[in-house]
């Protein structure tokens, strides 16, 4: 079998990209050892690429009440709900690494109710999944449930915003058929000591 | 009844915002006569605000195979599907104005299959609604159907990306309870001549 | 574009209708300034026409614990759920006028949970929407919830019966493709003073 | 166990009803040997009672392209979809009798796709079930499918109208908890000769 | 009409079956007066036949906290949910006989919430239906609800296992189009004394 | 964190089990290096245990037109649909090993439409998923689609029966909260050469 395409839309040549995009892509390549396909797939549209990753960084890389592993849990749980292969596989790898837990990503992707998470994390995922699936029904009671577990208003914003951002991201990856890099599948699966 | 809040999260003072954000908000205010609440609601988070509107402009304001009215049709149809009051009302107003058609927004929001649109626009909406609702099932046949109506690859990208962006936007507006400004409801409703 | 048809089934000539039907239609025309298309569309079948409007009047025009505006709220909310363009647009106009509120119809049609209604009206809509969507699950708890808000047994009957009647009406309008008159879209949208 | 109530709402005394209603009820009692509970349950509201049965008769008792058994098939199939115990049991009995087939009602109620019906009847049920469940998606193709099986425009109207009328009727019976008379369960079950 | 086939797959000749299978089939024939079609349909695969009926007997014929009628209630309720004509009709007959109640099977199949069952049986059916439909959401609260009605751990296992076994059985009967024997429809319908 | 329980129901002591069960369990332990938790969880009920594994072997271990890897694809795809953590993880491992493909299990579990499978396998999965989800709608067209890809009648039986058996198995594992052994997660993930 020849190498499968990374997306339904052919990606641009790296060399021809604007410098800021090239630098961003080279940085991730250096860190990960490969270029995740979402960077190549979205590079076809420089303005959208920049906005997408600026938004991503604003939600996923900043300080705040949610740990980085918890943010990835939200991504994997809502991406599982949306049957997004790219996001489940790529962010599953990141979640395993950030949580230092080789089991958590598959658990959260397949059935968050059976995952090894704390009650606080379970409340976080319940909220995120409701935003992902029935956001028009989100109301006071949902915010109250978060507060009972110690989440601040800003944490609530973060959970909702991450679920919303990946609602977009899942639809892009699904509609464009962005293929997860083979490398992601096995990353972070070494047993815990 | 006292003035209802514009969102579940209290907005920042305009005066305290960074200059680029203030300028953006003042520009829209000058053009519309009022500040749409989504600007105030999202201003609580400057980085996210900038990414959100940069993404919006990249998809909605650029040249391309879809008219501006057609882009708004996609927004209204998918926002109706997601029961997003803010987006249906605010983008309904924009759609009526851009399409110079006082009926089209309610038609597209309530039942796109009964809207006064061309067969080409109907195909566009079918694709967008599938991306919004069952993106994991989008496949070759859906892209073929677009081509039969003369849509290019880049048009297909645009339709999918707009549907995906408003999947995010709808969830933000729903979860944050962003209230549509009263002004939107009546805009663009003057009968056609 | 030539005038679009008012329904999938061609309507009868007014002049050829039995006198009681003609009088009913002329009365509504006098009051509204135009003949709502549902009257013409259903006139094809005199017996059904008479039963339909007799039922309508028994539920919508009589005295009782629900105001006329509240009855229209039930119609608009359940018609939104059923994606019925005719009923959302036509009864949306009536609701705006009866409630003297230019915003309420769009709110109730798109997302009743975000509408400017009282807690009592919210309970009324919850009940009506359950009857519209999952009537086989309606049980004691639903009736108790109404009582807590002061609704009598007869009010409960009215709410259920109106939701049920428009379950029929929505299906007729959808299946027959009854087109809302252009006039309805803009009625009652003048700002409140 | 004491006799279970015929409905959530206590029925009026027969003796106190207006004469036309009493005559209607006595006529059905004479014919069937008992008074079907829907007559007693709805008699609480004379105007609604009259409109309901006038509508029923206009759709179910008149001449036309559909046999009486076929009309009852539509009732039983859509009532099964709506989990309406009263209508499945009561109209199941009528269907068995009118079709002279002791098996057909259970088949149509549980899974119309496995029922012993003709391809024409199958097309009729497909249309009726779509009206009952997703009427906003009914379109040209559905009407064409009926025509291919020889249904006229008036037949199509009848199928849609019966499905719509029982969408109402099912919701009334479900919400009011109208109990099917015990007699219905066994009627028409004698084996075919 | 010629005799309709008992299944999509032609059954083997009884005479050619292994002795244990023949004996099992002859035993049920002697008891019931006819051979239920599921025996013939599954006999095409002897190993699967043996495992299926061994499993069936382990769940349905043993002693335990659930009466035999209650087990059949679970079968009929979940088979109604799954629109399985064979199981609703065949087990409906068994339920009527075991419960000595001619009404119970139709009630449980069409709407368990309206059936003449005890609160304990209602809790049993709620649990079974959740296992049948959303087993991934079953959790502590569901088991607690059973305990409140006096069900033991082993009873809970039985309810879940019966619902699971008929999830399989319903899918086999549906996919193979196993036809219920005509005899089942009328069995056990004699009025209670 | 203490070792989490293997199931909601405490498993029996291996030493106290009947010899045939012990031998079966020791054989799988010898082959895999550990005892998959489903064996311990189901051992609480010897008769059900025997029937379950006899059925499993009859469907999964026999010769036939489907390869062993293809059977596991059906298991993983339908278990993903049913959100069954145990089956996705345990059978995902088996699928990776049997298909000698470290990517296939995650692909099939998250979105079978995006998996690296042949058109024939895709048709197989389409059929299996329909049996799993809407078996009452399975009909001639579904069997025809299989035939177009060269599947025999017996292959069709196998696909349906495997999907049905795991409909049961998923519900048991979900309702009993059977925990996948940690070992399964990483098995078969070594890159292809």
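Each chain gets a letter, A, B, C, D, E and F, in the order it is written, and its residues are counted from 1.
By our rule, a contact is a pair of C-beta atoms (placed from the backbone, for glycine too) under 8 Å apart; a residue touches a chain by one contact, two chains touch by 3 or more.
Since we're looking at a predicted model, the values are computed, not measured.
Asker: Centre-to-centre on C-alpha atoms, which chain is most distant from chain A?
Answerer: With centres defined by C-alpha atoms, farthest from chain A sits D.
Asker: If you average the Cα atoms of chain D and of chain E to get two centres, how far apart are those centres in Å?
Answerer: Here the centre of chain E sits 28 Å away from the centre of chain D.
Asker: Just curious, how far off is chain C from chain A if you go by their C-alpha centres, in Å?
Answerer: 44
Asker: Centroid from C-alpha atoms only, then distance chain A to chain B, rounded to Å. What do you get?
Answerer: 24
Asker: For chain F, what residues touch not just one other chain but two or more?
Answerer: 83-84, 111, 114, 136, 174, 177
Asker: Could you draw the chains as nodes, link the ones that touch, and say if you get a line, ring, star, complete or other?
Answerer: Looks like something else, not a line, ring, star or complete graph.
Asker: Pull out all the chain pairs that touch, please.
Answerer: Result of the pairwise touch check is A-B, A-C, A-E, A-F, B-C, B-D, B-F, C-D, C-E, D-E, D-F, E-F.
Asker: So in the complex, which bits of chain C are touching chain E?
Answerer: Contact set of chain C toward chain E: 136-137, 139.
Asker: In the complex of these two chains, what residues of chain A are touching chain B?
Answerer: My answer: residues 8-9, 44-45, 47-48, 50-52, 54-55, 57-59, 62, 82-84, 131-132, 135-136, 138, 143, 153, 157, 160-161, 163-165, 167-172, 174-177.
Asker: Which bits of chain E are touching chain C when the two form their complex?
Answerer: 111, 113-114
Asker: Flag every residue of chain E that touches chain D in the complex, lowest number first.
Answerer: Per the stated touch rule, the residues are 1, 4, 80, 83-85, 88-89, 92, 102-103, 106-107, 109-111, 114, 116, 174, 177, 179, 182, 185-186, 189-191.
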